[in-house]
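The same chain A turns up in both complexes below, where it pairs with chain B and then with chain C.
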Partner chain A sequence: MVAVRFHGRGGQGAKTASRILGTAAFLSGYVAQDSPIYGAERRGAPVAAFTRFGREPIRERGAITHPDVVVVADASLLEDPGARVLEGARAQTVLFVNSSLSPDALRAHLSLPEQVMTRDVTGIALQQLGQREAISALLGAVAARLVGLEWEPVRQAITRELEDLAVAPPVIEKNLTVAKQCYDSVEPTGLHKGGGQVISAAALHNPIYEPPTKGTARISAAGNSVLRETGGWRTFRPVLVAGKCNGCWLCFVYCPDGVIAMNQDDRPVVDYAHCKGCQICVHECPTHALVAEREQEGGEAWTAK
Partner chain B sequence: MWQRETFKKIKQIPREEHVLPGTALCAGCGGLEALRLAAKVLGDHVVYVNAAGCFTMLAAYPYTSFKGSWLYTTMGSAPAGAQGVRDALDVLIAKGKLPKSEDVKVVVLGGDGSTYDMALSSTSGALHRKLDFYYICYDNEAYGNTGMQLSPATPYAARTATSPCSVQHPAATAQEKKNIFEIWRAHRPPYIATVAPRYPLDLEEKFARAAAFTGPKMFLALSACPTGWVYDPGETPEVAKLAVETGLWPLKEAINGVVTHTYIPKRKPVEAYLKLQGRFRHLFEPTVHTDAIRHIQERVDAYWQQVTKEQA
Partner chain C sequence: MDSQMMTGNLAAAWGARLADVDYIPAFPITPQTEIVEALAKWCARGEVAARFVSMDSEHSMMTAAGAAEVAGARVFTATSSQGLLHAFEVLYSISGWRAPLVLVNVSRALAAPITLESDHNDVLAARDAGFLQIHAETCQEVLDSILMAYRIAEDERIMLPVIVNLDGFTLSFTREPVSLPDPEMVRRFLPPFRPSHLGFTASSAQALGVAVIGGTSYAYFRHQVHLAARNALEVHGEAAESFHALFGRRYDLVEGYRLEDADDVLVMTNAGASKGKAAVDAARTQGKRVGLLRLRVIRPWPAEAIRQALRGRRGVAVLDQNLAPGQGGILYQEVAACLYHEPARPRALCSFIGGLGGQNLSAGEFHAIVEQTAEAGVAGSGLGPVLLYSAEEHREMTQLQMLAGGHA
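Up next, the complex of A and B:
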């Protein structure tokens, strides 16, 4: 059995990527299962998805605690303790990260398995698809190549899964072209399955029943959600271009999360610890004073419309 | 002509935040946009009574975004919960255990699944008893929290998880959106309004006006939902704007049953609104469902013809 775990942020397509891999494996004649897991969180919050496939019936269910391959759709998740990207990974686990940084650059401040690969999938999608986030087909294709599946079933799987999401045929075609490039950009890895040194132990807890008198949660600290920083959800950050803002307040008014405050000179100040990167301010700013810059890896800025 | 009295300029919108960040709601949530603006008028002396749905994540243990209080109820019983809270406050005040100055507003938060469907009888009861409360329905036109299933608020031809395009229904949802405004209005509460956060002054003004009334104050807030309606989160205000400008989402209020439209749109063709959203994409690709689009346009036209007739 091969176990592949995907990590992404809600909306990036980790779940669909895992389905694409599962379907491609099934079409290749394997038994396969795929399932996502997410909490009550939404678009932008960490999610994981699991694909298992093999020649023999697979009895194991639920979360993959010891993955052979980990596919990470967003490099910022590596450092998000809530996402637990490396949990249960062993020294020989293959780690693929969607990042423009090199594996060595990532290793500089993180302890990672031996086999780490990076590709700037988001950059490729931006250039060739013009889409900002839906990289499911590309990640699915990369994962399928890493585990050694042929292209034809992968092509069929991408088509099926995107059709299922009512993606328009011309968009599916474009996705296939770019997915093939991503597929070709990596090599199948020799997978070592099972055994070996565990890098960080997986913690699985049995749910326990608490009576309502004890189990009902009470929060007595008002407004404490600010302790929970959602800045890591961003792929792009809104940045103020000096001299262009006319102080109209619209970014402040339309921000759903209330993370833009107007300073004494009526200029917006963004609370980057909490801004989720929805880009409403970038879209609504009448003078294009707010632009979106790609997180961490910098460079590409875009303005809406 | 309806005129705003309290909120004439954007810079009159209060700076203070009452729904704090760090929530688990989606980036670009239109419902949160509406609630945040509403709370700027409602303030912090509030008990929110929240039916299960996306908004319950605003106070997911151990964090809360509210500076005031919050109570979680089942999907079908938020107005009954509000009755209990209101009664308790009234009893405490009557017994002298709570100074009148420390009274708080009771505000129901309910999604459309709760509002149009599961909690309808509970709401009807509260309206009938003239409960002194606010009700904010954030209408994202589906059961959002559980993955966008059809609700009675889902508009005709929208694709949801449980109303996909099928051979029988190539245009997806076959039913029309339930008219909850009129159902509420039949109960004659003192105040009902529809709002859209892309029209912030209209929204703020309505919450300010509602404060003058004792009894049920009912709000229906357009809550564009990037996740369920399938569009880029940054386009939430654009989607809301087109909902209003095409005439699909009328901005109006009803005081003791008398309806006034607070904004008369020039009415762009409905395609402008539909085309922006993935949940309507099947109407345009691979083939154009002319009949379905015409049907939507005709219903909007009929609505506004009726409005014009009543105004004359």
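Up next, the complex of A and C:
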């Protein structure tokens, strides 16, 4: 059995990519299974999806804890401990990262498996499809190539899954063209599948009663949401163009996360550690003083906690 | 102590009044309405210093009840049947918040077809909601159980809500003498509500019922609810001891009636157990050694007390006033489960379903139950579920079907 784990942010298409791979494997004659896991469905929040396929019935469910391949749709997730991108990865695990940086550049400050590949899939999507979100077909194609599937079932799978999402036929055609480029840009990898480990009985803890102050699902530490930096959710950041702001405070009012403060001169100051990049402020600014700039890899949005 | 004639519903209202509750969200439903009517009247007159609020549904009512409880108020509310089911999802939230309010349920059979009289499918639907459950046999026990319920619920070893159950009509609208405990002694029995984990302070906000995606945290908190409920076995004993010392009445997890030398035992709950006791007396006059075990605390499940009461018996009949379609009696299943590992378990465990929707159980039917259980015990093989329905009832039903079909 081959186990592929996808990591992305809500809206990037990690789940659809896992389905494209699942369908492509199914159409290739394999036994296949795919499933996502996510919390409250928030755009930008870390999500994961799992595809398994093989020749035998699949006796596993849920999260893939020991992936053969990890596909990362957003490089900033590598530095987000909450996303657990490298959890269960072995030295032989193949890691594919959507990044404009080289594997060596990523390795500079991260401990990664031996086989790491990077492609700037977001750059390709922006350039050729004009949308940063639409990378599901591209990631699905890359993943399918890495695990050695033929192009024809991948093409059919992309078509089926995008049709399922009511994507217009001309857009599907464009996706197929770009997906084929991505597919051709990588080579099948030698998969060293896990397994064969001896399983011993887990150490079990006997739960004991704890006082309600501990045993109740409650949070009494005030204001701790600030600890969870959500700046990594951004692809685009709002930037103030000096001189265009008229001090109307509308950005402050519309910001759904309260991350825009107004300074003494009535100018917005964005808390980039927590701004999720929704761009509502950019949309609402009547004088176009706030503009969207794509985040640079390794920049502030990449080091959010 | 002076007693006075009062219904089970009025006794329930007195329980809330004597417990000095702070907040009462209410929504009427037969056969419960009399409880909240009495409390509304007392609140309006200033005799009860609680805030009484009429809500727009039982769902809102339970939500308000839980919210007030987590803000630190002592809360009482009451419902029945469809009302309990309408509030159902909130029950699980309230136990998850570890909010120790007391809810009186006046049992009434569930629609469809719609009816008003009692059976226990309503309250037993909530058996896994994380509420403790006390089922009362008499009007006095209704009042006393509410006081005990607050004492147990608000203990730091528990902090879970409690349902006190009474039967519609046969207890809710039935008057019998009830002794009103002295308010000063109730205050000694029931200390003020000062939870360590709840309360509302503007300077120290807290979030309750937070999201815990992934099973690790969720399982921990559900385990805690279970362990808290288990603690109630011991805490109930302490409360019973204290209650007995102050008021002279003793309530245990289960009540044995003429069990000492009994060969065969009827297992029952709620007001119907009074008739079961009469059946035991009638059988005894015929020389049959029969006793009755009344299950009073249903959650936590008093497995050890049940094992002790039933070990070594010949035949045991669980008379369920409820029906799980496709399965049988709900309490029968639980009794059977807790006897499985008992080496001296009864030779026969029989299941009878009776009293659905307030269906009358005649002395003759009890006689048949006693006979069949004794036979099953001698034979050493179980019986049932037997759906109790007399030949007379069958004739009456046949006539009604003809009327309904226009063939009268």
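Basically, the second predicted complex is superposed on the first by the 270 of 305 C-alpha atoms of A that agree within 3 Å, B and C clash if a C-alpha of one lies under 4 Å from a C-alpha of the other, contacts with A are read in each partner's own complex, and residues count from 1 in each chain.
Going forward, a residue touches a chain if its C-beta (ideal position, glycine included) is under 8 Å from a C-beta of that chain, and two chains touch if they have at least 3 such contacts.
Small disclaimer: the values here were computed from a predicted structure and weren't measured.
S.K.: Would you sort A:V47 into first (chain B), second (chain C), both or neither based on which partner it touches?
M.R.: neither
S.K.: Is A:L162 contacted by the first partner chain B, the second partner chain C, both or neither?
M.R.: In the superposition, A:L162 contacts neither chain B nor chain C.
S.K.: Give one of first, second, both or neither to describe whether A:I219 is in contact with chain B, with chain C, with both, or with none.
M.R.: Touch status of A:I219: both partners.
S.K.: Just chain B (first), just chain C (second), both, or neither: which does A:M1 touch?
M.R.: So A:M1 meets neither chain B nor chain C here.
S.K.: So, A:L227: does it touch chain B (first), chain C (second), both, or neither?
M.R.: first
S.K.: Looking at A:Y209 after the superposition, I want to know if it touches chain B, chain C, both of them or none. Which is it: first, second, both, neither?
M.R.: Touch partner of A:Y209: chain C, not chain B.
S.K.: Please work out whether A:L139 is in contact with chain B alone, chain C alone, both, or neither, and reply first, second, both or neither.
M.R.: neither
S.K.: If I apply the document's touch criterion, which positions on chain A are contacted by chain B in one structure and by chain C in the other?
M.R.: 39-40, 217, 219, 222
S.K.: Going by the contact rule set out above, which residues of chain C touch chain A in the complex?
M.R.: Within the complex, chain C contacts chain A at residues 96-98, 156-157, 159, 195-198, 204-213, 217, 220-221, 223-224, 227-228, 230-231.
S.K.: Can you tell me which positions in chain A touch chain B when the two form their complex?
M.R.: Of all residues in chain A, those touching chain B are 10-11, 39-45, 132, 166, 168-169, 217, 219, 221-230, 233-234, 248-250, 252-259, 261-262, 271, 274, 276-280, 282-284, 304.
S.K.: If you look only at chain A, which of its residues touch chain C in the complex?
M.R.: 39-40, 207-213, 215-220, 222
S.K.: Could you please specify the touching residues of chain B with respect to chain A in the complex?
M.R.: For chain B paired with chain A, touching residues are 10-11, 13, 15, 17, 19-30, 32-33, 36-37, 54, 56-68, 145, 159, 164-165, 197-198, 200, 226-227, 232-238, 278, 281-282, 285-286.
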